[in-house]
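Notes follow once the structure below has been shown.
Order of writing sets the chain letters: A, B, C and D. Residues in each chain are counted from 1.
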Amino acid sequence: MASNRFGNMFTITTFGESHGEGIGVVIDGCPANLEISRKEIQEELDRRRPGISFFTSPRKEKDRVKVLSGIFEGKTTGAPIALYIKNQDADSTKYDPIKHLYRPGHANYTYLEKYGIFDYRGGGRASARETAARVAAGAIAKKLIYPMDICAEVENLEKILSLLEVLIKEGDSIGAVIRCEVKNVVKGLGDPIYQKLEALLACAMLSIPAAKGIEFGSGFAAAEMRGSEHNDLFGSFGMETNHHGGILGGISSGSPIIFRVPFKPTSSIKQPQRTTNLEGKEEIFCLPEGSRHDPCVALRAPVIVESMTAIVLADALLMNRCSKI
Amino acid sequence: MASNRFGNMFTITTFGESHGEGIGVVIDGCPANLEISRKEIQEELDRRRPGISFFTSPRKEKDRVKVLSGIFEGKTTGAPIALYIKNQDADSTKYDPIKHLYRPGHANYTYLEKYGIFDYRGGGRASARETAARVAAGAIAKKLIYPMDICAEVENLEKILSLLEVLIKEGDSIGAVIRCEVKNVVKGLGDPIYQKLEALLACAMLSIPAAKGIEFGSGFAAAEMRGSEHNDLFGSFGMETNHHGGILGGISSGSPIIFRVPFKPTSSIKQPQRTTNLEGKEEIFCLPEGSRHDPCVALRAPVIVESMTAIVLADALLMNRCSKI
Amino acid sequence: MASNRFGNMFTITTFGESHGEGIGVVIDGCPANLEISRKEIQEELDRRRPGISFFTSPRKEKDRVKVLSGIFEGKTTGAPIALYIKNQDADSTKYDPIKHLYRPGHANYTYLEKYGIFDYRGGGRASARETAARVAAGAIAKKLIYPMDICAEVENLEKILSLLEVLIKEGDSIGAVIRCEVKNVVKGLGDPIYQKLEALLACAMLSIPAAKGIEFGSGFAAAEMRGSEHNDLFGSFGMETNHHGGILGGISSGSPIIFRVPFKPTSSIKQPQRTTNLEGKEEIFCLPEGSRHDPCVALRAPVIVESMTAIVLADALLMNRCSKI
Amino acid sequence: MASNRFGNMFTITTFGESHGEGIGVVIDGCPANLEISRKEIQEELDRRRPGISFFTSPRKEKDRVKVLSGIFEGKTTGAPIALYIKNQDADSTKYDPIKHLYRPGHANYTYLEKYGIFDYRGGGRASARETAARVAAGAIAKKLIYPMDICAEVENLEKILSLLEVLIKEGDSIGAVIRCEVKNVVKGLGDPIYQKLEALLACAMLSIPAAKGIEFGSGFAAAEMRGSEHNDLFGSFGMETNHHGGILGGISSGSPIIFRVPFKPTSSIKQPQRTTNLEGKEEIFCLPEGSRHDPCVALRAPVIVESMTAIVLADALLMNRCSKI
């Protein structure tokens, strides 16, 4: 199956591994005549790249995006848009010492079960580096859904920032929750049964590495509320509260879409951890010298959350053109 | 788009409205030679139907499933399996008095925005009645994934049951959380990027009416944990803890899959509620006389959660046959 | 895979076997607010049913279509439309004597290879009876694509009709070519690479039982033409000739779409034929007493060709809504 | 829609324009552990490239394929395989003089209708150059379907070759028929209704630029045959004749698959042709100086036909893993 593809009408297909030649995305289904420049795509990418602050990963990539096709004289042509980011600074020899070990919290165990093979270089396809391709595609989706406006932020950012120095010293990591809000939402997006807007967004968010869940509007708290309290009443100018989170019966109501996504702490930590090797014998796993260490991957997640949200909304917007005669 | 379809390889397409002729499902992609009887499907259906206990909806349907195609001499043939449940006890005239009103917490507002039309009879397509078709399909999926074993239950069931009498008297409702665990999980299910097993399950769960979120394993709590605490270490017999919830890098690890889904309180309550009519003028909304009232829809949700989980796993199981040479 | 489904946006999923309960179709993706009546669907169905003339199959079915969902007060609602035709006059016991034999020209040999099982009753899923479901769906597609106008006809009809009496006497059959022309074609339908309008129509036509090929415009004759002769020149009012058959670069040009489809002679003939049984031993195959015998299945094919064409065009029309900003 | 994608399980998505940066393909769904080298892919590509003989186009590209992802240490990993071919020798300024004209036999007329924009440089996305990406993907598909063996050839090759010198002198072109045969076919490939193997192959072939039709086995001739003559009888070792062309009821029978595809004469000829400009005024169209001229594009088509056939069979082979319990 095309398991590296996302979307129905506005679709993205990503490719590439952490320490291979590069990563990229093919956007298939973007309407013609959308104005978009390489620079706008690059600006989104610059928001997620590692090495951008003192606290995040030291890998100093430039992540320079190249437009391989689909944009001509500043506009989309209706042809597939291929975007490509060459890998740099990717020395994979340092992974040799650990290639026979299961990495705690990592996917090489399950990849081996599934494929019988694992590209161990820096996480291979399982690396969060693949999300750069999503962000590049998201830049185009954002243009398409304008003036819908997506705002994602790390909850309790101050507190997390205050912990980073200690975490780096201890070689440990921490999780965080990203809250996302969409304003100026077009009414009528999403389809009522299996393409409910919540279902599509949930799928999109849970496809981001390290995401552990999602809740919309009142979310888990709704389970303890009464119907008389939870129902959003209709006043003359729409709904007066927003427990529903902007989606009703799977379809956008025009109220802001609100959801929250918890991210687990970074799996790659600098502390030694018990594990087994491929033969099942116990060993101690240590991150190779010079490995990147993000004490909190979630700090780079807002732009990824925004990108996937934009892609879902772009897709729903196009689909919605076919709902009525 | 085929927005009433779910799955890639083992697919379901449902049809039917709450107060129309009936509801049904076409299962396309079930392998040939699976033993299944009408009775097994009926038994699953009997677990969800309203009117089964004192506390739930008084609608006394028999929900008798009919096999229209795809099963011959007790076995699937590889042809599409159509299952059909005729509607009974469906007097739709009682909905006439409210057909010009937006129903608080309901989808007629958003349906009108999307389609410019609404089948107001008992919620039409937006009714939870559609989930009966999923349960019928789920019965077949459960057979296919055997011996994987799905256990869903209402959290805090005792407490909720103790509240029901009061809720019925007050005409109010309450939400609940469903916890789901899958045992004997085949390793290697799910695909690493956009068909991550969490993404597929999240999509499936958020497609259930009234679901407001999902979390896997440590879930929202992971956001406050350290990496050194959250990573599940590999011992000689697999992983020793299960913060990851049975899915790592999007692929099943063989540990039990664990997730929780919050359901909002039933939207249809017996209390008068403020709303507006289709012209935007304020009115009071009252549920028509004789309408069904489920004080807690989530009580009927476990079998639906199990069914959608089984459908996701059946699909992933088939897809997994193509992962290796 | 959803191999019983056709289309991207306007999709049909058919189910049912020749001698089972009945056959049906779920149309998913039809826009809301299209006016359509049960009677209009029935009228299309009446054009294909057997027993309608002296020369065609004696099976006297009524093929009465029932609308199970998706149409409310004479209009589509955006919900899936399920149409169902109950089987009648389907005595399957007569097939018992031949259930251990490979039927010449029939699919039971290949079904057994694929599925390890075969519903032998009257061809089961492989029966042309499945096409009734397509015709029912086609009736709705035709309404959607109005005023595009599809005209299909049997070539050399007079000659074929003059042969029928002899063929019936001899228990033999004959093939025919169906020519299809579409007028008032909307320009811009079809996508340039893998969803070329020719590719979609070719897929649709070769999915009809007994079809053996297709050619567009100049077709096979083009292979012997010069470019200077074949190119359709642009005059001030469009193209002056139509060798291209109405599709250029995969996209409709506005000229009439023209294609031809050859159908093989009916496989079920009344003459004894050599075959082998399931153990590979030679036997003589004779059609059971009272079996239907169509000396020329192609005579009933025009409405099927029209229906599949309408479904392709309806799908392309919806898709085309998303080609531009 | 993902209209630049082909296949269900073994899928290809192509991108790139004739005179842009380059062209490429992402193969999503290839099983892990398939041995494949860059050299094997290059060898297939070398079979289709222009400039390879005296008679074909003078464009002297190297068409050197680069593996961007998905292959590690000589084997597929289960990750998407991206192949890329940089464009060279692509001077697009020469197209300036004709960018305001409809090109006879070309797609710029229909592209403008569809997209409101056209990348006029050398045909843009509509150029046959896109087929290089298919051939690269086909090289991998061929490895996957081994030992199935695909043989495509130009019919009447001698006669066509004898005409080429005259055609070049006259600036004219000619069509041809490609005949394709597949040996050692696995039984049971293809699905009975809309994914019939003929339907998939027809879709694949009609997606090749300049293809005008297809016929299987007896094809158009079947329309004039009797059933008693056309039915392939079963002897003790399978079928004794092959009018069915290797596919029965949509499923491969194990007999060789045989089909023929007519290609129209090359549209780009060196003779002046009447046309209109974008304003509808008549002009004379002349191919720009230095433009490539293939007097018979079909001469390069066999490897393209083989590649698309291999992709269809690879897809069907994977799908078939899910047909039985």
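Assume a contact is a pair of C-beta atoms (placed from the backbone, for glycine too) under 8 Å apart; a residue touches a chain by one contact, two chains touch by 3 or more.
None of the values given here were measured: they were computed from a predicted structure.
Colleague: Please flag the chain sitting at the greatest distance from chain D, going by CA centroids.
Modeller: Relative to chain D, the chain whose C-alpha centre sits farthest away is B.
Colleague: With contacts defined as at the top, give the pair, B-D or A-D, that has more of them.
Modeller: Looking at B-D and A-D side by side, A-D shows more C-beta contacts.
Colleague: State, to the nearest whole Å, the distance from the C-alpha centre of chain B to the C-alpha centre of chain D.
Modeller: Whole-Å distance between the two chain centres: 44.
Colleague: So, what's the distance in Å between the C-alpha centres of chain D and chain A?
Modeller: About 36 Å separates the centre of chain A from that of chain D.
Colleague: Touching two or more other chains, which residues of chain B qualify?
Modeller: Expected reply: 1, 3-5, 8-9, 14, 29, 32-33, 78-79, 111, 114-116, 125, 192, 322-324.
Colleague: Name, in rising order, each residue of chain C that touches chain D in their complex.
Modeller: 1, 3-6, 8-9, 14, 102, 104-107, 109-111, 113-116, 125-126, 130, 167, 172-177, 187-188, 191-196, 198-207, 209, 211-236, 243-245, 247-254, 262-269, 271, 273-276, 280-282, 298, 319-320, 322-324
Colleague: If you look only at chain B, which of its residues touch chain C in the complex?
Modeller: Its residues touching chain C are 1-5, 7-9, 11, 13-17, 20-24, 26, 28-29, 32-33, 66-70, 72, 75, 77-82, 84, 111, 114-119, 124-125.
Colleague: Within their complex, state which residues of chain A touch chain C.
Modeller: Residue positions touching the partner: 9, 29, 31-34, 78-79, 192, 318, 321-325.
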